[in-house]
Amino acid sequence: MSTPKGSVLVVGGGIAGVQAALDLADSGFYVHLVEKSAAIGGSMSQLDKTFPTNDCSACILSPKLVECGRHLNINLLTLSEVLSVDGEEGDFQVRVRQNPRYVDPEKCIACGSCAEKCPKKVPNEFDMGLGKRKAIYLRYPQAVPLKYAIDPDHCIYLKKPGRCGFCEKVCPADAINFKDQPKEHLLNVGSVILALGFKPFDPSGLDFTGYGNLKNVVTSMEFERLLSPSGPCQGHMERPSDHQEPKKIAWLQCVGSRDINRACHGYCSSVCCMYAIKQAVIAREHSSSGAVDATVFYMDMRTHGKGFEAYYDRAREEGIKFHRARVHTVSPAENDNLKVRYAGENGDIREDEFDLVVLSVGLATDPQVIKLANDLGIELDSDSFARTTCLRPVETSRNGVFVCGALAEPKDIPQSVMEASAAALEAERILYPSRWTETKEKHFPKERDVHAEPPRIGVFVCSCGINIAGVVDVQAVTDYAWKLPGVVFAQNNLFTCSQDTINQMAETIKRERLNRVVVASCTPRTHEPLFQETLREAGINKYLFEMANIRDQDSWVHQRQPEAATEKAKDLVRMAVAKVRGDDPLPYNTVPVIKSAMVIGSGVAGLTAALSLADQGFPVTLVERKDRLGGHAHKFFRTWQGQEMQPYLSELVSMVEASDLIDVHLGTTVQDVSGSVGQFTSILTDGTEVKHGVAIVAVGAESFKPREGRWNYLYGKNPNVHTLLELDQRFIKDDPGLKGLNQAVFIHCVGSRVPERPYCSRVCCTHAIDQALHLKEMNPDMDIFMLYRDIRTYGKREHLYQEARAKGIIFIRYDLENLPRVSEENGSMVVKVRDPIIDASVTLHPDLLILASAVRPRDDVGGLSKLFKCAMTGDGFLLEAHMKLRPVDFATDGVYLAGLCHYPKPVEETIAQAKAAASRAGLVLSRDAVPAESITAVVNLQKCTGCAVCARVCAYHAVNMDENSGKAQVDTGLCKGCGACVAGCRSDAITLKNLGNEQIMAAVEAAMEDF
Amino acid sequence: MNDISKSKGAWEPKIIAFLCNWCSYAGADLAGVSRYQYPPSIRIVRVPCSGRVSPNLILDALRSGADGVLVSGCHPGDCHYISGNYYARRRFALLKRFLEFVGVEPDRVNFTWISASEGEQFAQVATEVTERVRKLGPATHLLKEF
Amino acid sequence: MSTVNEKITSEIREKVRELLASGHVAAFLGYTSGSVPMVMQPLIIRTPEDADRLEWNSFCVLNLANYLPALLKSFEPPRRPGDPPPEGPLPKVGVLATGCWSRNMVIQVQENQVDRDRVVVVGISSRGMVDRKKVLAAVGHRDVTAVYEYDHSLKVSGPGYEREINRWDVVRDNCRTCVHPDPVIFDHMIGDLKGERDVADRFRQVEDIEVLAPEDRWSWFSTEIASCIRCYACRNACPLCYCPTCFVDDSRPQWVGKSIDKADTAIFHILRAYHCAGRCTDCGSCESACPMGIKMRILTRKLQKDVLELYGAEAGMDMQSPPPLSTYKMDDPQDFILTESIKGEEK
Amino acid sequence: MKVLILDKAGFQDWLRALAGEFDIIGPAENTKGLLDWNKLEPGELPDFRPGLPKSSIKTFFFPQPETLLEFSARPGDDQAFRPHEPSEGRRARLLAGVRPCDARSVALNSMPYASDPYFLKNRENVAMVGLACTQGCSTCFCTWTGGSPVGSDGMDVMAYPLGDAFALEPVTGRGKDMLLKASSAREAAQEDLAALDALKASAPSSLPDAMDPASVLREKELMSLYNASFWQGLSESCLNCGTCTFLCPTCYCFDIQDETLKGKGRRIRYWDSCMFPLFTLHASGHNPRGEKVKRVRNRFMHKLKYFPDRFGPLSCVGCGRCVRDCPVNIDIRQVMKDLLAI
Amino acid sequence: MFYATLEGLRRFNIQHKFEFVSIISLYAQWIREGRLKVDSSWNREGLKFTVQDPCKLVRQGLGDVVAEDLRFVVKKVAGEENFVDVWPRLSNNYCCGGGGGALQAGFVENRRKYGKLKFDQLAATGADVVITPCHNCHSQVLDICDFYGGRWKTTHLWNWLANALVMDDSATGREG
């Protein structure tokens, strides 16, 4: 192949597409991002909150969108469709049609005058048709790009030229262009990533739900909009019929999922259980009284992700009701209420009345996408999702074309983000020789020297829709800010993080010659970088900035005390103003990057990550605790799709062994780690000192072995009791002893979802069912019983479950109050379990008892997390930087995680995550230098006594005593800005830049000013 | 005086909370994200690490009029900066005992560990500290007056 | 028959004369008497002839370690920032050191204020120093014109009176509860080492206050410091207070107001004491120097007690142990942590 | 001018009568058993025992701190950062039992502060009833400095102990008015006046030999004193604490600082000390008196040379507080002798 | 028989060369094609009709298509305006309560209790005639109507189809 192109086409501007685009653009590739609607953001932008952290969806997404919208190496093509993709891997020719916007994006200032004047009201598709928009519109308030568009299907002028044209008349920027024409772009790219997302299932056909007939039956997506502050009722949860706040709400699960009867969607949509619980939790918060009666009707509760089970537990504790029932009918009741009829597990028929019914609709592929896939020659599966395999989870049937997100299978946001990074990795793997060949470089304007200027502070107070403004009197806060010393400008914004406000902020900084900026909005933990970059773009140093957290730490926590919350907001603004007044411009430090990686753990995750990096030419040190490569995969029979693991593993291992770039250390662990991103030095137990720029932690997990206690079930006592992996090993050996058995019993959730290990192990349901099917393959006459709590065969795995039921495998549900009892009578096993449906005890006599035991974190993960300064969850798994949007990054820069040390997951997700980790690591390795901490310690030599307290307490050896002067000096490359030295210093001689005592005290003292 | 709490006649304490950026501040954010409600008495000052909080800062808060002080960091072992909270623990242990020795009420100055995932705990601690301080009444001992 | 202190004085003179005459030290830091009874004057001598000016008695209350860094520095050639350190060995200086002073010198060495190699320590095992204020109180604050010291008593006289006072009765509080009278570092010893003293209620003064209710403790503290004139004699007498700019002198930020103010004075005393945590050897210089009779030593004593209780550390006992606030243990006590204490209550 | 005789009870009544007009302050035992200036309850007598209170009376004229002005720092206040005079006025104060040396310090401090409105206002506001010394302390040397143990400079009324009673002599017009309230006083009889004269004549002899160092030192060449060799040795034992300067009645150096808190601001003047490192510290970081020896020298040169050169007398009243309370026994009398010897 | 054969073919994936259709769909097809001519004018009294969706035929069998066909035929036969639908309907309709052998196997009380839901549902329509295209449903609906005091007539479909049939040449198949 000749030199591949250095650019990539990403189709679909949802979170997956955006993530793939950012990963690629940040590691040296030019990206064309094609989005069919007028703005990127996809389905995630329509959500109110995200589970399990209840993060405001728009809030966490917005910075990424803005980053994407502003990225120099991302060519955003909205209102665009891919017409054709010709050529092959490394050199594709793509035709893209961009439909006319009829508004010149260069001119539009998003002032909204056009929409105000536009006489044509149109159902707003962003609000799922629940609200109206105009024919000239913004997709949503934080839309990126924040440019209006005219809807040609509804515009009066475009239909009958000369009839209207109000928008053109009122536009102050002369941006309306009725003559706009479709454009066709010819793009030459090396790879294509499809991130086309999903379409919520349309339940109109399911008449029993009443959807379409009964006003107060809404889909979950509609309900998201009803909850959303930017939605049709500004977040004041109202039901459609009478705009009253619903007091009693039902969620009906599996509408359009797990339904082969009416909906023809046999798969599970994976996310609905969690989003329904989330909606129930959020609905309660939204309600004025805080006392919404919320009931979820479900088949199996599928809370199989990280932090999900705890979320479910908490929801139950909070009083949200869960009924295991598939609702039979929703029928009208008085007052536009809804009667819901369902059967209890024991068969009794119950009826309950609700104010509102929410249908938890499933995820499906848009028919237009199906057509596009066909056009592009991308194979779809029977559920119309892109066909991938467990071992190649983001590869489509066409070389060089990759897929991520819900197009391949219904999945949640972190999984989509992970796949997006994995897809980016696959593209990078092909295109790496052309890295940085098509990219442009960003140049900020020269920074104004503000040293000598008196403070000119600008304060931007965010309403965050109603997130803040619903509680805090933002206008009063803005008025107040004007009066603070040094403040020369203050303004209230609906969404300060929206692109137009950001641009306007930059303009304001220039116009008003601001030299300090305060944004009173959400938490700096998510939004500080965005605003700081705005400062740079406006020509001032980004450290002349402070945030007042008046949302997460004010409006959200004092919802019922608007007056006190407003006073607190003023305090917080005053504190920020006081602090920023003393802020100094700081240098932008960088650290040179050692362009090699260390991968810890050589299971499938570690091997995949190592190969993914080596394939791009980056040297890798692979550290394995055991004396052979491969990890637990050696014990693993096959994927749920039936691909056998052992041949695959051998191939992986031999590729690693053959690679010149991978230096394998067996029987070795990491003893000590120092340094930071770009410049790590690790000492291995074999004495090797490794210098590396990044590290990927992929140390896996362990299988819980219930040798004693409550979950023992004769494990270790009877030779015919196995864990899943032990049975796999018998499969691998093709153990003939399995063939003549009469009965096998599987017990699920052994040690998972129990008080001491409250999380769900995610993999066991599918694994167990696949094993049961394999046993059936070996001996179709074998009786197989599955004792389960909830079957969690999420996504396409549901087909396995259907197959198992079809093949006569019997499923008996148990709960923690009625555990199965396993005993030995006359040398044979007896299992007794109560079947809740027939309400009777069932006695089984298995020849084989398989325990689907928990996946548990390894005990030594704690030590590793300390070495790399990474956090752990309460369950003992490693904790990523952000549960939703940074699923493979650690909070510690330059360290990534993959595989089971993060959370239990099947091999396809492990592979995707390993590739994602490699992609993220590539962001660092592809550069010569990465930014380093600017907020570092600094020594005032006149005050320093040389006592060395600072050096003693510095964990990074960043402070040492100068031999000549005897005084402290700081290595800014090593300094992390923790300030342990500052607090230790009695002489106030060492301080943190912009976090000195003076600045902190200014904030403290400002807090106490009672006006 | 437009102080809302005063106009209503009920005294509301003001409490300065020094929270480390990585755990406790994130925990406070999580309390918000999870909508755990707590009294509006806490004024949070974001610091990189509990190890950054010098005793001087705590005294300054009291001198400036804080009715209470809360310092919170990562749980031992969780410090983002490896050991900052261990040093902080020693500094605070001595400071707390010492302040109590000179007659500062034990509930005035509080230290705690709150992780990024402990939103609920943060709300609980904020409520608890507020209640304790409320019982004590306004802080006067180290208050600078003029 | 001469008194113990007279004997010590003559031994000191002899030893110092020898050290100076031999050129082993370039200067010697000791004590001499002056114009006011019971107030001794620290003295630096540079010639063997001056050795006879040295005196030792029970009123040598200020910690001589305090003068040591400046004295050492006076023998260093002047340097501008960036200049390399002087080459070749620098002159040594000699100093008298009791137990607490020597422990202060250990701290000074640990904190890079003193180069041990340049100091010749002449050790004296302390018999306990006399608190002048106790003597004055004993004579009803009358004018004292002469004090003669015997081994176990003092003869105090003034206009129209003469009193003999039992020496131990007027020994300073810190000396009365001192456990380590012997120097921990010395190069020459005057007299013998006495060994550790067995003190029953080492922290009695502190405990008496600890048992009070918070409001009574505050009342004690605020009354104790009420007469403070912010002259900083306590700070300046302390060998630990060597910051070029003390926090009280800082104006950016301003930690405390500089004038007489209830809160500022309290914070000054709290922080001054806190800065000595884990470092204070209870030499009592602060209290001895105070013109207003404030017993601020109890503050540092409290910290000393807590450091010992919590971390098992005593300041300056050896060169190797790290300063207690510059180190930690994973399992340091944390009952004071709110979440832990709530947990504890629940149990 | 009439001399009145008051017994202790009468003295008490008199002070009680004056309490309507003044806050009365006099020497009394503080919580530490030390004699110091304390507010007296109406009718409470000052402690007449020999010896000086711990502190000088300078704090009543040169308070620690003096609020020079106040300002608002509240956001939105249109008067913000515009200074105005301190709002609070103080009641007139009467110092009862002032020793002649202390009273003389007020006269001396009035020289540099001749046009300082704060000092002058305080002077106006403070009346003094003096108490002649009948017995000196080992640290007293007022006569060296131009003072006298029975001097009445600066007083409004001078009291002389005569046995169990006091002879009261008005010194100023205000003193005369004050004495009008001494209802139980009797006019001094002849023998009282004789005893008073005897007391006045005998008192100075109980002190060390009188000298007039001011006139001698005024004549000496400044640099020869400045370059004297003894400063180094003298300063070596000095702790550079501010005890001497803060106890000294004639140390009048000050520093000024703005304090702001809770939206209120004030500019205060407070005692500085030439012993302190911040003294004469320049904004550049340079300090012409950066070393201890220079600071120590400054203190004595100021009192004993610069001040007399400018105003005539020494800036020292010989109260001996610095000698009494210096932790390292630095004795200004010796310094004076050393300077005189040059 | 109908359902068992259908499900057998599906479950065991038995290859077969025939199509599996309900007579109802054929009626509907023929009516649409004009091959079967029906006229509702016979219903001068305006008898109201409703239907039962048998589980084996609809929900588990051939799905909603056949249920829609059933309604189509009934409307043609009885008049559009004379059809009253039940709620819930089609696949989501209630079971009659007589299946699974309940009609033959004793437990009469239980069976009638299950049937109460069906009775209430049908009674709520106010229909005069309930069409039950399943013999099992027919017997159960007949029984619960009687037992609970319903007023409707329970019948199969063909009775009424016969009533409405327009007998002309094309229908009789005679050549013109």
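Chains here go by letter, A, B, C, D and E, matching the order in which they are written, and residues are numbered from 1 within each.
Please note the rule applied: a residue touches a chain if its C-beta (ideal position, glycine included) is under 8 Å from a C-beta of that chain, and two chains touch if they have at least 3 such contacts.
Quick caveat: nothing in here was measured; it's all calculated off a predicted structure.
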Please give the intersection of the contact partners of chain B with those of chain D.
A, C
Where the contacts of chain B and chain E overlap, which chains show up?
A
Counting only C-beta pairs in contact, which chains form the busiest pair?
A-B
So which chain ends up closest to the centre of the protein, judged by Cα positions averaged per chain?
B
Let me check something: if the centre of a chain is the mean of its CA atoms, which chain is farthest from chain A?
D
Farthest chain from chain E, going by the mean of C-alpha atoms per chain?
D
With centres defined as the mean C-alpha position, give me the chain D-chain E separation in Å.
118
Chain centres from averaged Cα atoms put chain A and chain E apart, in whole Å, by 51
Indicate the whole-number Å distance between the mean C-alpha point of chain A and the mean C-alpha point of chain B.
32
Rounded Å distance between chain C and chain E, as computed from the means of their C-alpha atoms
107
Which chain C residues sit where two or more other chains touch them?
244-245, 247, 253, 255, 257, 261, 325-326
In chain E, the residues touching two or more other chains are none
What are the residue numbers in chain A that touch two or more other chains?
942, 953, 984, 988, 997, 1001, 1005, 1008, 1010-1011
Can you identify all of the chain pairs that touch?
A-B, A-C, A-D, A-E, B-C, B-D, C-D
Would you mind writing out the residues of chain B in touch with chain C in their complex?
55-56, 59-60, 63, 70, 76-77, 83, 86-87, 89-106, 110-114, 121, 125, 128-129, 141-146
In the complex, chain A residues that touch chain D
480, 483-485, 574, 942, 1005, 1008-1011
Residue numbers on chain C that touch chain B, as the complex places them
206, 209-210, 214-222, 247, 253, 255-257, 261-264, 266-267, 269-271, 273-274, 277-278, 299, 302-303, 306-307, 310-311, 324-326, 328-330, 332-334, 336-340, 342
Complex contacts: residues of chain E adjacent to chain A
11, 59, 63-64, 87-92, 94, 117
Write out the stretch or stretches of chain B touching chain A in their complex.
1-6, 12, 14, 16, 21-22, 25-26, 28-38, 40, 42-49, 51-57, 60-61, 64-66, 77-84, 87-88, 91, 115-117, 123
